[in-house]
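Letters A, B and C mark the chains as written, and numbering starts fresh at 1 in each.
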Amino acid sequence: MLNRAAMRLLTAVPTLFVLVGLSFFLMHAAPGGPFDSERSLAPEIEARLAAQFHLDEPAWMQFGRYLGGLVQGDLGPSLQYESRSVASLIADGAPVSAAVGAAALLLALIGGVALGALAAMRRDGWLDRSVMVLALVGLSLPSYVVAPVLILVFALQLPWLPAGGWDGPASVLLPAVALALPQLAAIARLTRGALGEVLAAPWIRTARAKGLPERLIVFRHALKPALLPVVSWLGPAAAGLMTGSVVVEQVFGIPGIGRYFVQGALNRDYTLVLGVVLFYGALVIAFNFLVDLAYGALDPQARLE
Amino acid sequence: MAGRASGFGASNKRAGVLATLRAGLFALAALAGAAIAADPQTLVIGNGTEPESLDPQKATGVSAGNVLRDLYEGLTGVSPSGDIIPAAAASWQWQDDGRALRLSLRAGLRWSNGDPLTASDYAAGLRRLLDPATASGYAKLFAAIEHGSEVIAGRLPPSALGLHADDVGTLSIRLDRPMPNLLSLLAHPAASPIHPADLARPPKPDARIGNGAYRLTEWVLQSRIALARNPAYWNDRQTAIDRLIYLPTEDLNSELKRYRAGELDVTTSIPATQADWIRRTLGGELHVATYLGSYFYGLNLTRPPFAGNKPLRQALSLAIDRPVIATKVLHDLATPAWSYIPPGIRDYRPQVPEWAHWPRARREAEARRLYAAAGYSADKPVQVEIRYNTSDDHKRIAVVIAAMWKQVLGADVKLVNEEWKVFLRHRRERRDTQAFRNTWIADSDDAQGFAEILDSRHPRNDSGYADAGYDALLLEAAQASDPALRRAKLEAAERKMLDDAPILPIYFYASKHLVKPRVGGWQDNILDWHYSKDLRLSGR
Amino acid sequence: MSGALLKRPAIAVPAAILLLIVLLAVVGPWLAPQPFDAIDFDADWGAAPSAAHIFGTDDLGRDLFARVCVGGRLSLAVGFVSTLVSLAIGIVWGATAGWFGGRIDAVMMRIVDILYALPFMFFVILLMVLFGRHWLLIFVAIGAVSWLDMARIVRGQTLALRRQPFVDAAVVSGLGNAAILVRHVLPNLLGVVIVCATLTIPQAILVESFLSFLGLGIQEPATSWGALVNDGARAMEATPWGLIFPAVFLVLTLLAFNLLGDALRAALDEPRR
């Protein structure tokens, strides 16, 4: 696992390069440009704008220019939002997305592990069955249905929380819940499965025979090895949260970078899209790296490997 | 062993975390309650898409305009009911048979930073607007100013424009041709003055010097634009509301929920599909008013099947049942359009064709007759693609029109939904398009602004309509000093165009807002301009 | 074997539900009072369920029952076809890596690792923006996103199979690599692959509905459950039936696939215990 973590760092740079290259040429191959608008600018004005942002150069030259800037840490100016740099947009949006994402991850982890453990301890009982069916329903409900229902209930019927926007810590809650739900369900399923297997292992049976209380057995002995699959799930979970954030940020009107991505792609804000893709890519790699380290720390076998 | 101990510790911590989380939830709920309660001195306005810029000369789009009208004051203004009224200019005189305008500014005008505001700041704003280096989408609005066209094309420097600040309080504008809508266009944000410091060096997006009733205090992209009253504004005494917040609200359904939760006072629009429900539950708060926009389908006249096939174009037009679209699809948030230029335009009468008054059966019979005359039948149906950009309402209208053409004429209709930028490109290229969704929203209530986009040389002539007679009528109207003559020419042009059917009018836009009862002074007007300085807030 | 499996309720019940839903999607449109894209201009639009329209009508006066059935065809097709695409890529990739092992395996799995780190959904969005909403593209794009898991599982299973004596026997008897893979390895992968496929199908259906939400889904007047649910969610208070009927079908289908996948996996694991 540590090997794997080291490999991840080594491949990070080529991975990001591929990422940026693919996104760059996909974006530039798409019909329509950043300055097409309902009011059609005069051709000479459009040409002037294009020249200002070097969009009149061949694509490979623009790509070289972009990489050149990237090496110096410059993500370029946004083409859509006047006199704002992509770096400043990401700096504004990332903490917002991160707050919602972290809250969702925390919620999914705590809720998922708790529910999963509960189900495993009552294996095949009614509690287990209902938790697992609920988890499957959670996995099957698209977030664009869950989010409006949450707003309807917790912002309109019970006026406890804001219906949208980004205004104080209370704005985190509903989006985080909407975002966490599918991951929570997945983690509950994983925990229940892994814990169930561990609880059936001979050494646990020994512990039970010794008369240790069930709670102690679960929390002191069984939970830690059972968490391994949950930890390795965190990588895909983070990616899932990022995808989900696109929907959730739109429904709740949150100024995060998932929204920038979709808006940027639709408006052909090339630099903004590349910046966000790069940022997400780096984040996923960093997150997977941490997951590898955590896995190594938790699993003695992996440490030996 | 160590592992076990930490495992147990973790479970303890977990219980602790849960307890903290629970406590936190209650605290947050309490906090949120405080945040939601409406501030009696802050007006919160839903503003649609986030403005890309608040530079008055560069910004285009409705949402930027809403904010700019609070940040900058034009020479003229618009009253709550939509009439042209004096603003920074206290008075004006037309001279030289409508070829020159002389405006007298109020005394003692100041910028938001306290600097004196002069006539030359207004001249600087207009010069900057027409300067090709600014690359403004609104430059063409003022092309009729003396040497305007040459300046826009870069053949003359901006200093050559027919603008002259006679003294600090007087501005003279000379025109190349009559411009009956000049006074209303001077109220447009694009004609805002510019402070010499902002002219010399582009300011940060959230630090502009303005001269309106409000000044910009904060702009967090995709989150809020915050404004506070400008004490340096000449009429600050009359401003009732201290603070404004413009919220970006792209998703109309989300906006509606936030409005219902009391998080905003005015919505940018409402989702058409919810209209009936809104009328039932929020009836008194809904404001629907005629708006200066025309929604129509363009037909590409440069390619088959529409090139040179007038009967086919007319048949398709007759087969569209406009009242069904206005009433059943758009739930009366629009008026059916039988002609192109909307009602309510100054000095103009809608050119409704005779068949608009026929019963539906007769229109459909005539449509089928023309369809057959165009050479099509049940065995040989016309194949048409309808192209529209991604939007719920465009989709619903396209589905219904396709069904009408299919069910009345037996046409073979295919829908093509394109994402905005692809759609714009295809529409402009006139290569892949056949029938396509189109819209024109005017910048002032003048018929010429509508008519000119069907001029054969206009960049937005997406149909490729090229008719020498039509172009000639527009030219004669542009050069006419007599309003009656101008009107006659424009009306004749529209009649000619409607008969040729390069476009199929569908509906006239309406502005739609939900306005909380605590907002006073709100009046519907055709421009859908609402200066915040004219509004009041009452306690609830 | 399959007969014995079908006797278990954990497998039979979701399988029966799925069969019913597929049946309804296939024959349903013929039972509907009007075609899924026909508009009755004189009727009430957005009408509540009634004898004439058992699911009610949508906001353009189209029969919702017909649309749910037709939408089901597309959603199920997306599920099956894009899973097939992901199976094809995943099996070839995973089996090759697992069979040859060593450096080839290391490189191929490293590529999978790298692809895992790409925000793949974002590429799908870019692709849809770029090439428009052709239904074929939806299938391929979703399939291309979901083959990574398949490749990993197949590779692990192939590695294990390689060590089995019957494979050694085949190698000794002089069979070529390709022949062994096709004749001996692939049939033994079947169980794992079926389980994985059962769990990929609901994922694919969900991805399609996600695209519909972003306005990048199937072209009207055609529809999918995702598109219907999305339309319904917007007006859930005014016309709740517009959300409830497609949502019930969508969730029930996803639930049944997931339950079936779980039960199949449990059945597959049994002999090892």
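By definition in this document, a contact is a pair of C-beta atoms (placed from the backbone, for glycine too) under 8 Å apart; a residue touches a chain by one contact, two chains touch by 3 or more.
Every value quoted in this text rests on a predicted model; they were computed, and no experiment measured them.
S.K.: Taking each chain's centre as the mean of its C-alpha atoms, give the chain farthest from chain C.
M.R.: B
S.K.: Have a look at B-C versus A-B and report the one with more C-beta pairs in contact.
M.R.: A-B
S.K.: Can you work out the whole-Å distance between the CA centroids of chain A and chain C?
M.R.: 22
S.K.: Cα centroid separation between chain A and chain B, in whole Å?
M.R.: Once rounded, the distance between the two centres reads 37 Å.
S.K.: Let me have the rounded angstrom distance from the C-alpha centre of chain B over to the C-alpha centre of chain C, please.
M.R.: Measuring from centre to centre gives 43 Å for this pair.
S.K.: So which bits of chain C are touching at least two other chains?
M.R.: In chain C, the residues touching two or more other chains are 129, 234, 237.
S.K.: If a residue has to touch 2 or more other chains to count, which residues of chain A qualify?
M.R.: Only 30, 148, 152, 266 qualify.
S.K.: At least two other chains touched by the same residue of chain B: list those residues.
M.R.: Those would be 253, 419, 422.
S.K.: With touch defined as at the start, can you tell me which chain A residues reach chain C in the complex?
M.R.: These residues of chain A touch chain C: 7-8, 11, 14-15, 18-19, 22-23, 26-27, 29-30, 133, 136-137, 139-142, 144-145, 148-149, 152, 235-236, 239, 242-243, 246-247, 261-262, 265-266, 273, 277, 280-281, 284-285, 288.
S.K.: Touching residues of chain C toward chain A in the complex: what are they?
M.R.: 110, 113-114, 116-123, 125-127, 129-130, 202, 206, 209-210, 213-214, 226, 229-230, 233-234, 236-237, 243, 247, 250-251, 254-255, 258-259
S.K.: Under the definition above, what is the set of chain B residues touching chain A in their complex?
M.R.: Residues 3-4, 7-8, 11, 14, 17-18, 21, 25, 28-29, 31-33, 35-36, 50, 52-53, 55, 58-60, 132-133, 135-140, 152-154, 202, 204-205, 220-224, 247-251, 253-255, 257-258, 260-263, 419-426, 428, 439, 459-460 of chain B touch chain A in their complex.
S.K.: Would you pull the chain B residues touching chain C in the complex into a rising list?
M.R.: Contact set of chain B toward chain C: 253, 271, 273-274, 276-277, 321, 324, 328-329, 390, 392, 395-396, 398-400, 402-403, 407, 415-419, 422.
S.K.: Over in the complex, which chain A residues touch chain B? Could you list them?
M.R.: Per the stated touch rule, the residues are 30-33, 36-46, 48-49, 80-84, 89, 92-93, 110, 113-114, 148, 151-152, 155-156, 159-173, 219-221, 223-224, 250-253, 255, 259-260, 266-268.
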